[in-house]
Amino acid sequence: MMNSSIYMAQIAVPIGGAALTLLVGAIKPRLRPAFAFLVGAATACLTIITLAGAGSPGRFVIPWQGVLNEFSLSPDGLSAYIAAAAGVLGCLILLYSARYMEHEEGLTRYYALVLLFIGAMIGLVTTDNLLVMYFFWETVGLCSYSLIGFNYDNPDAAKAGLKAFITTKIGDVGLLTGIMTLYVSTGTFNIFEIIDAAAGGAIPAPALSLAGFGFLMGAAGKSAQVPLHVWLPDAMEAPTSVSALIHAATMVNAGVYAIARTYPLFSEVAGWTTAVTWVGAITALLAACMALYARDLKRMLAYSTVSQLGYMMFGIGVGGLLASQFHLLSHAIFKALLFLCAGAVIHEVHTRNMDEMGGLGRKMPVIRTCYLIGVLALAGVPIFNGFWSKDMLFASALHSGNIVPLVFAVATAVLTVIYSLRSYFRVFTGELSAAGEKAHQSPPSMLLPLVLLAVGAVTSWLIIGIYSATLHQTGLIGEAISVGHLIHETVQSTALLLSLLALFLGGAVVFSTRKAKTAAAPSGLALWAGKGFGFDQFYLALLNGAYQVAGAVISTYDSISNWVGKAAIFLTVGFGKTLRNQNIGDLNKNLLWLVSGIVIIIAIVCVKRG
Amino acid sequence: MLIYVLLALMALSAILVIFCRDLLYAVISLGTLSVFTSILFYILGSPFASIMELSIGAGLITILFMATISLVEQPRVGHAKYSGRSSISFFALAAVVATTIWVALSLAEGVPGPAAAASAAALPEVLWGIRLLDVMGLSVVIFTASIGIGVLFRTEGGK
Amino acid sequence: MQSPELFWAMRILLPLFLGAVVTYVIGKIISRIKGDRAGGVVAAVIALVVTVAAYILCFTYPGAASAGAESGIAWLGSLKPDALSLLMAKIMFPLVILVAIYSLGYMKDDSGTDKYYALMLIMAGGMMGVVGAGDIISLYVFFEILSISSYCLVSFRKESWEPIEAGFKYVIINALGSTVAIFGLSLLYIYSGSVSMAEIAAHISGLPDLPVLAALALITGGFGVKAAMVPLHSWLPDAHSAAPSGISALLSGIVIQVGFFALLRLILGVFPLQMQMVGTILIILAAVTTTYGNFIAIAQKDIKRMLAYSSVAQMGYIILGFGVGFYFHSADGFTGGLFHIETHAFMKALAFLSVGCIIEKTGTRRIADLKGVGRVMPATAVAFTIAALGLAGIPAFSGFMSKLMIYKCGFQAGTALGVVLSSIAILNSIISLGYYMPAIHTLFSPAGEAAAKVKGTVSPAILLPIVIMVLITLVLGWHPDLGLGPVNAAVLEILNIIGG
Amino acid sequence: MNLAVNWVWMLTAIVVIAGLGIFCIVTRRNMFRMLMGFTMLTKAVTLAFVTGGTLWGQPGLGQTLAIIVIVIEAAVTAVGLSMIVNIYRHYGAVNTNQIKRLRG
């Protein structure tokens, strides 16, 4: 049993640090990065320390009375690891920011918001009070709004922030409805008590299902699931370090967490798991198609985040809580790695268009290696952490018999391999582009986080034993599995075939078409694939087909979502304008309205009486 | 009987206020309305209210209206230039008629009989006794109105 | 033992009204001798001393212990203050004090500020009279004191056309409204033969049904004008946007709520048997009011007008709380409504004060012209942002807490109607983001012309109230219980009356 | 005090005058006439109070209430009239047709 004040500290340190950053910014602006990093490091240490006690959750309560009831924290296995991801990755991102952001304006705001973001995320996952969770949930939203719109001189950035905030807020309507429904049925905000009450049948079925779908809506908003994912790609206007923070460490994990947390509560609700599965599967496939089509490096990574989040949702839907959460951790590491690499590249070449990059591998060898590791993890190549978790996801889906969504997931895996490897080749191999002429290796303080993350991407799956044991102890999964067990299972399972198939198909497409795309001397494997198999034409056609499909999907989807968004805005504003035009400033007309209002009241009275 | 005549006259002068063309005649009709009201008050056994109505309603307010109308120098604007009057008037008049009928019918239901024996406290006792707070309130109202009119007519250079 | 009536008359009303006279007289003398500005400062200081003194005195309320005590003075019988009145006093006084401090900086170049502060005190006294009144005539008298002083305050800057046009519309519409209300009250008098609310309530079950309901409808409609229920609201956007910003803050923050309070007093005092009916009317009006206010605010181009329409929408929330409370007999509804009055008072006042400061510096009120103001006036713009986020009901700001209670009461009712009402309320908070966020967005977007005009710093007299209100908004957002004490007492009072 | 009055007619007259007052405020476009409508409406209220006082044998109370209403009416009318003067100074008109700048 951990000393419980440490739970409080891991929230209080970053949030208090955020407040102090304002002070530091006012007194000694030069010290801001160092100070923020120290706070981040302290937070990271605290979150890691709490991991040890996560198996037997303590409950730490500050009596808060009244509306909030109590400010209670109970970091169990589920939350402790997400909190640790937020803390550690946040710390690395802060280290990276020191150099990456050094020439920007408004750094006080930046560091304060990043620390607040990390603190709020840790608070979000560690509290067991749904209302407090909602508080942090919205705080995270506000932080993301301000950080995405950090460069408010850039109208696109400001608009993207606004879009992120309002889109996620639409999802929050569902979440708040869900929370209120649960509260009213059970009289408590404590999620564990609610789960117990639901098990005892205290919550009527309609209320439970309203709450379940409300939570799904909230999660879809926060975790960028279809159809509320539109904000995430636009959020690319943020500085890259912020993107890494949002995509890997904090914001988007919240939705997946909320669904995982309430899984025991809603799993019996009719249609809920199916809905989660399908939302996840469709999101995964759709976003992968879009990633294939993207030319902007960060945009591609953003779509890939949406796609991977779809996997996590899909995993929860098919009952693979462990797989899903494990994938969340893997994804957090490799996606942070990819974003930070991308940031380093963009920092040097000053463009985000992959067509204008190329051949950077020679100029930036360390980053090349790190990016390659990230890409391999994303693609699910064996040994890297993404492979294991993805394989577990497939295994869970197979186990639960959700075949059609599984087909979606495998198709997504194929596309993932294609776009991720292609991005590597386009950026780091081939001829050196004009933009890359002046590129330099990044400074050590930016490379250090990359190397650490790369090591993590290779090795993080080894913690599966501890992780699953913790989840098992907190009662979220049936049985823990050890590393050996994991390897054994994976090698034996049918899912491995699916993974490898996806890898093979994707790899074949990439390598066979590399030659066609880049006129440079083909490397060994592509030559072999192209000439040896003679599949060249076939794969090229396949790729073209995929491209066309992706193009069609994205343009259709874009036009639909644009149309819907525009229609909603048009209707709202139009309705407002119509109302506004009603008031022509004529006193007599207003008085007539007023008198008719009184007559209406009299009429209501008459009707009600009669 | 006199009461009914007075009521009819009141209604008539009210209609005159609304419909007569000349604004000055409208003001005079308003004064007439006050005078009739005041007579009615007297008949109903309320001499003080009657005097107040006569002096304030028929006197002060009429003079205020007259003075202001002469101040804006548009005594004969009449309502020749009304536009959109027909539609508004129609609806409003319909609303008035409907409400009147409804109210009259519904109110007829339970008019209390004249009280047999009520505590008939005289006016001064009531006014300076139990309603003293309201009288103080009235002095505040007058103070407020005078400051307010001072605000609206202040001549000092403003911002 | 001091009786509540005597307490209210001597410690709340007397200081305010007497203070108004003193403020006016001394302010006038000083401004004759030393000039307008000095007179204004002196008047402001006297007004501040008076309000602070009355505020301190209002904490000496002996509470429930004195509830049965008789003053022995017959004419004080027309006052009947209770916990509800005390709650309003505790909201109003800080607001008036802060606005008076703000006006010290904001109105320093205006003439006739001696009258301004006197009218402000009278307005405060009128409000306190309305919330403490125990019979229908005193209620009406104080309501008219409130109305007349606010007419004159709205048109205070008579040099430009806007306050005058708004003022005239305000006078006509509100005069109509309050006269309709007193007409309804006169019906009550004709049928019951009494003007004391307690006596009317005692007789009301014996009265014929229709006149009572007619009176109820007329009173609701009449006071509803002051409470800005749609479609009785049309004066509000004009008056609130044309008034000096301090007065806009008072009008939006507390005056329209007092208008509703007049109605509430009568409902509680006279019509406890018609709860369902009242609930129905209020729920319908509230749903319409909130939705209408939010939609029309989206289309506004003038930032003060936008805030004024947002007041309409927020008033809808308050009325919704009470409507649900009456209809479903739920204490949570009353808590939500009263707490929203409290939080909204400070948030909306904050919004108006900060916007007033921005308008004064930039000289424009068009939202589109305010680009980049957030960079040259960061503190004020951040204060506006906090107010707007609070008004939109984002957690961590006080507005969320009060709105949460209003959402909760709908769900708690357990019926489809309750869930629908809560959903309407929640959806409306999204719609409201549609105008708050673009405004914030504009303030912080790249600099425009207006931002270039800003010169000099904001005076401390303007900044101090803004900072205090920011603190209140943030603290109540995290620890609502600090503000819930008086609210709970008031809710208990309501439940006592309606027997819940 | 027992006058041979049919109270229903009395009430009807009150309602009719009030209705005419409201009608006048709503439909007339001349500001003076709008204020006159308000005055008429108030007359109906005073009459109602006096009627009530007579009806219940409380002439003192009825008169007091009527006096209160009359004084307030005068105050509001005075403020309204000074508003009209100011409007005239700004707009050169006293007709609501021309006072429509605040809209939307």
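Order of writing sets the labels: A, B, C and D. Residues in every chain begin at 1.
Here is the rule we use: a contact is a pair of C-beta atoms (placed from the backbone, for glycine too) under 8 Å apart; a residue touches a chain by one contact, two chains touch by 3 or more.
Because the structure is a prediction, the values reported are computed rather than measured.
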Comparison of B-C and A-D (more C-beta pairs in contact) = B-C
Central chain (distance from its CA mean to the mean of all protein CA atoms) = C
Ask   = Just curious, how far off is subunit B from subunit A if you go by their C-alpha centres, in Å?
value = 70
Ask   = subunit A to subunit D: how many Å between their CA centres?
value = 66
Task = Please compute the C-alpha centroid of subunit B, do the same for subunit C, then give the distance between them in whole Å.
result = 30
Inquiry  = Can you work out the whole-Å distance between the CA centroids of subunit A and subunit C?
reply    = 43
Message = Which positions in subunit C are in touch with at least two other chains?
response = 137, 141, 144, 148, 151-152, 155, 158, 168-169, 172, 176, 180, 187, 190, 193, 209, 214, 237, 299-300
Task = Would you pick out the residues of subunit D that each touch at least 2 other chains?
result = 11, 21-22, 25-29, 34-35, 51, 55-56, 58, 61, 68, 72, 75-76, 79, 83-84, 86, 97, 99, 101-102, 104
Remark   = Multi-chain contacts in subunit A, i.e. residues touching at least two other chains, fall at 580, 583, 587-588, 591-592, 595-596, 602, 606
Query = What does subunit A use to touch subunit C in their complex?
reply = 64-68, 131, 134-135, 137-139, 142, 149, 152-153, 155, 158, 162, 165-166, 169-170, 173, 176-177, 180-181, 183-184, 210, 572-573, 575-577, 579-580, 583, 587, 590-591, 593-594, 596-598, 600-602, 604-606, 608-609
Complex contacts: residues of subunit A adjacent to subunit D = 580-581, 583-588, 591-592, 595
Message = Looking at the complex, which residues from subunit D come into contact with subunit B?
response = 1-3, 5, 7-13, 15-17, 19-24, 26-30, 32-33, 35-37, 39-40, 43, 46-47, 50-51, 53-64, 66-68, 70-79, 81-86, 88, 94-95, 97
Inquiry  = If we count contacts the way the header does, which residues on subunit D are in touch with subunit C in the complex?
reply    = 11, 18, 21-22, 25, 31, 34-35, 38, 41-42, 44-45, 48-49, 51-52, 55-56, 58, 61, 65, 68-69, 72, 75-76, 79-80, 83-84, 86-87, 90-91, 99, 101-102, 104
Subunit C - residues contacting subunit B, complex = 9, 17, 20-21, 24, 36, 74-79, 109-112, 115-116, 118-119, 122, 125, 129, 137-138, 141-142, 144-145, 148-149, 151-152, 155-159, 187, 190-191, 193, 207-211, 214
